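Naming follows writing order (A, B, C and D), and every chain is counted from residue 1.
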Amino acid sequence: MSQTVVLGVIGSDAHVVGITILEQAFSAAGFDVINLGVQTSQEEFAEAAVAHDAEAVLVSSLYGHAEQDCQGFHDVLDAEGVDALTYIGGNLAVGQDDFEQTRETFEDLGFDRVFNSETDPEEAIAALRQDLQITTTEAERATISS
Amino acid sequence: MSQTVVLGVIGSDAHVVGITILEQAFSAAGFDVINLGVQTSQEEFAEAAVAHDAEAVLVSSLYGHAEQDCQGFHDVLDAEGVDALTYIGGNLAVGQDDFEQTRETFEDLGFDRVFNSETDPEEAIAALRQDLQITTTEAERATISS
Amino acid sequence: MIRDERIPADELRRIDDEIRSNWPTGDAVDFDEAIDYHESLPAHKQFADVLENADKPLLQPRAGVPRLDDQIELLEYLHESGQADLLPTTIDSYTRDNEYGKAQEGLEKARETGEDTLNGFPAVNHGVEDCRNLIEAIDAPIEVRHGTPDARLLAAITFAGGFQSFEGGPISYNIPYTKRHGLEETIEKWQFVDRLAGAYTERGVRINREPFGPLTGTLVPPSIAIAIMIVEGQLAATQGVRSITLGYGQVGNVVQDVAALNALQKLGDEYLPDEVVVTTVFHEWMGGFPPDEARANGVISLGGMTAAIAQPDKVITKSPQEFQGVPTKEANASGLRTTRQVIDMAIEQEIDIDGIAEEQDLIERETRCLMDTIFEHGDGDVVQGTIKAFDSGALDVPFAPSDSARGAVLPARDDDGRVRIFEWADLAMDDDIKEIHKARLSRRADTEGRDQSFRMVADDVDAISDGKLIGRPQNAGDV
Amino acid sequence: MIRDERIPADELRRIDDEIRSNWPTGDAVDFDEAIDYHESLPAHKQFADVLENADKPLLQPRAGVPRLDDQIELLEYLHESGQADLLPTTIDSYTRDNEYGKAQEGLEKARETGEDTLNGFPAVNHGVEDCRNLIEAIDAPIEVRHGTPDARLLAAITFAGGFQSFEGGPISYNIPYTKRHGLEETIEKWQFVDRLAGAYTERGVRINREPFGPLTGTLVPPSIAIAIMIVEGQLAATQGVRSITLGYGQVGNVVQDVAALNALQKLGDEYLPDEVVVTTVFHEWMGGFPPDEARANGVISLGGMTAAIAQPDKVITKSPQEFQGVPTKEANASGLRTTRQVIDMAIEQEIDIDGIAEEQDLIERETRCLMDTIFEHGDGDVVQGTIKAFDSGALDVPFAPSDSARGAVLPARDDDGRVRIFEWADLAMDDDIKEIHKARLSRRADTEGRDQSFRMVADDVDAISDGKLIGRPQNAGDV
């Protein structure tokens, strides 16, 4: 059985291109992708994670307000009983000169992994496979059958 | 017999396009044109006017230093015994906001007519015909035979 | 069930009364008086006539600020210093969301502080009289540009206010702009807008309507854009609109862009009723811009060059400050003049590029596939057909944020930089056409020594802002 | 009598000794040591190799300031912020007039005051060591650009100083630049320059030579420019030069410009000896620019577009501040990046324009007429042929200030904007070719409802700076 990931753009951000490409990439890699689209609230992420028993919640943000949009996000997930890995990626801070600082900020907020906007989808997929302890072989089988 | 005009760019100015077009226009209108080209000194104008017994000396200047270049020009012409109409045209002053003032400056220097850079060759030709009292008919005959 | 049928006159009046009661400025609208007003405008402010009779592409920028006097000053500047032929009035976001109360607050604050507290001109709040003050102050035709799913009150007030051109449509102002508006809902709202424009038209005041061609602005395959333009044109024509400007957003490949503009005009003329005058508008590149004004000027100029060759009726220009958002008025005027210079230098030249006819033929065949599926989905009714085709995925728009479109279709550039379809999902298209796209993308994959994949899509999305047309892999890139 | 013959080795040494004694810095030139120095330079500073092996057009700006550190800073900026592939060092006017004393004064004043008291880099005064300091500081190849009729000492010092490319030639740096230098005189001087470049070449250090293609920069008919390029290429080849870059200045009609660049490469390969590697350089519009940076960017972009289609080996870029003279370094870099963006977006596209082959054929036929007349005038000797053909007017350059050319030929644009010859004077050209030009100009006259006349010439000279390509009469102009 394939693993499910929930994907969406948080807050009032309407940048759709990134998650469209992520959806393709994770689907091609054998994951079941629930794409919530743009302008997704914290509650919608939590509800979808519960409804689909998701292994991971992938949050995208490109308009520079990710920190505000993610305040209390992990409390909401906890309250709904979501037990999933949480990743966030994109342009996470306006004028992010020092990405290591940004990474720390979002790890402190509770995210398991933090990616900048230059990250290839493959990198996120490899990380998720590692975190979920999926062997490459299994994943490759999934890709071939997809 | 056709009338002779001497044409040239005064001083160290190397703008050749304007006099090239003037040469064509005056030739087509039936004048004999002695084109001295660019970077012509006051003395060269005077010598050519004497040598060719010119009816008119047409001075062009486009680089903004005409006033300096023409100081004493009419003294040089007088000294050589030149008895010809003198016209000047082009960009006669740097930032010539008030052309009437520029016209006055050059009339004071001794020029019979002063033209700005927007002047059509036809206008200068018409002025010269008037000043030389050439009838249009005679000039038109000249044009046709040229 | 909503269908492509003209709204009856009494229903038009009923809705008109209803929507005009949504905000106090609605009261001032008097249809008969508005007709007189339009008739009083000089010929050079009659939008449709000016556009349709121009002998070269007319240029129009984007521009909108909250206060009337600022908007007048801005448009005067763009007209004089930018030499814009047609002018815009871009509406603020609150108005687009029908939040007239918030727009009012913003407008009042703008008047108090002198700052631009709204991102556009709140025409509903300004009301009929101030719209007319704008129309009278500017010596050129002005179009309303916005992005409003329910633009009924905006239309009622701006039409009465003397505007004679109105951008948007039920698909083009829904799919790329909002997440949760249903298509059925926006079609109904826009039928009213078109019907109102049609009512003016019937009385001799031709309101020009302009569906928004670029859609999501991100590598939209020409045939998808053209099919949606035709549908919106048909819906408008049904309601009595007689001057329709179909739009198309530059993809950056000159042959494909010229072919697409040709196809847009040809299919528009063919699919729309004879009594409609069809014109075209070309949008300079709507995707990501380079973060550098010098490079942005290059992108703008390629648009000007394309316009000089294809000769659309209108060009919507970009500014060199596109990357950073709303441009200064100087940058906006600069984009206009750069475009004008390129067009005027190139337009008298005979530039016939090989392969335009073939590309146009392909675009037309694709568009017909989409139009056929809409027809079939709706059993002959274009409204039902559009709703159902979007629902089934037979019609789709790449990178659509809206829940009303699947957004499952994915484009990628071929080896020549033309936009092809990499992921068809359920898009209705003949197999032989799919094969052509596949072969073209395969050639690119060969050149780049990689498989066709969504990586190409991602690379292509960023390519122009990174200084190239095609998103080649980094290692195969620069020397 | 001067002929197209290689200067003997002893004569080369004699002249070299003589000219190096003209200014104290000449002493430091040591040919064998200079060869070692060139060999020590890394591959990416070997001008000819970099240029000849590039897979897309390389960009090069114009730039020169008096002080070494300022010149280093300027070139570094253009390389990094402008992304220039090749860099220039433009020489000051005093050096061009061989007034090294005045140049020295200017340089010393520049060093004292920090102001740019010279309009370029006085390389002779700087001498071999400081030239090498410049070469070493900049991570790209650098060309010497000037406009010097007698450039012998400049060549001796800059070649020894590590420069591997040198612009100019006996016709192209005479006819458009000065009034009173005889052709025989400049040919003799440039034979030495080429012979010296040939001496380096013989020792394995290929000095690239680049005749100045735009000539007077004002509507020069392509065939006239190409014929002069071929002559200068032949003269250089005779003296042993093996890397020659023939130049051409944009006229603004895309078809004619692409055809001309194609013809330049083809005829260059054909007329020059096999052992010469012929490359081409395209100069963005050298005529009058619009007094508006936005419009200037449009002119620059049309050049970029043309370069993307024709793919010359090198492009010399203009800046948006061209109208006002020497640009700031920012504007200079901006012109580079605008050009780069247009080229990189368009170069992978297949843009085959109809009529290029026909236009190229016409240009080639015209060029052959001119080459034939030169051959005949010189009884087989290209030096004598050139001198005599200019003298008789069989070879001529429009708007030439020099007394060495008649300057009686006059160009005008045809109805498509291509540069034709309106006044042939004594130019040697087959009658059927003249008829073609006449017919094309006649079509324009019909369009404009006026006779063919010098008014067209005058209007065309100003057209691009006025925002158009063709100088149409005002009354038939804008709406």
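Keep in mind that, in the parts below, contacts are C-beta pairs under 8 Å (C-beta built on N, C-alpha and C of every residue); 3 or more make two chains touch, one makes a residue touch a chain.
Just so it is clear, the model here is predicted, and its values are computed rather than measured.
In summary, the chains found to touch both chain B and chain C are D.
Averaging Cα coordinates per chain places chain A and chain D 57 Å apart. Chain A and chain B have Cα centroids separated by 79 Å. Rounded to a whole number, the gap between the C-alpha centres of chain A and chain C is 33 angstrom. In terms of inter-chain touching, the protein chains here are arranged end to end in an open line.
Applying the touch criterion to all chain pairs gives A-C, B-D, C-D. Residues 14, 16-17, 20-21, 24-25, 28, 37-39, 120-121 of chain A are the ones that touch chain C when the two sit in their complex. Contact residues on chain D toward chain C in their complex (touch as defined above): 54-55, 252-255, 290, 292-302, 304-305, 333-342, 344-346, 348-355, 415-417, 464, 467-470, 479. Touching chain B in their complex are the following residues of chain D: 179, 216, 218, 398-401, 403, 407, 410, 423, 453-455, 457-458, 461.
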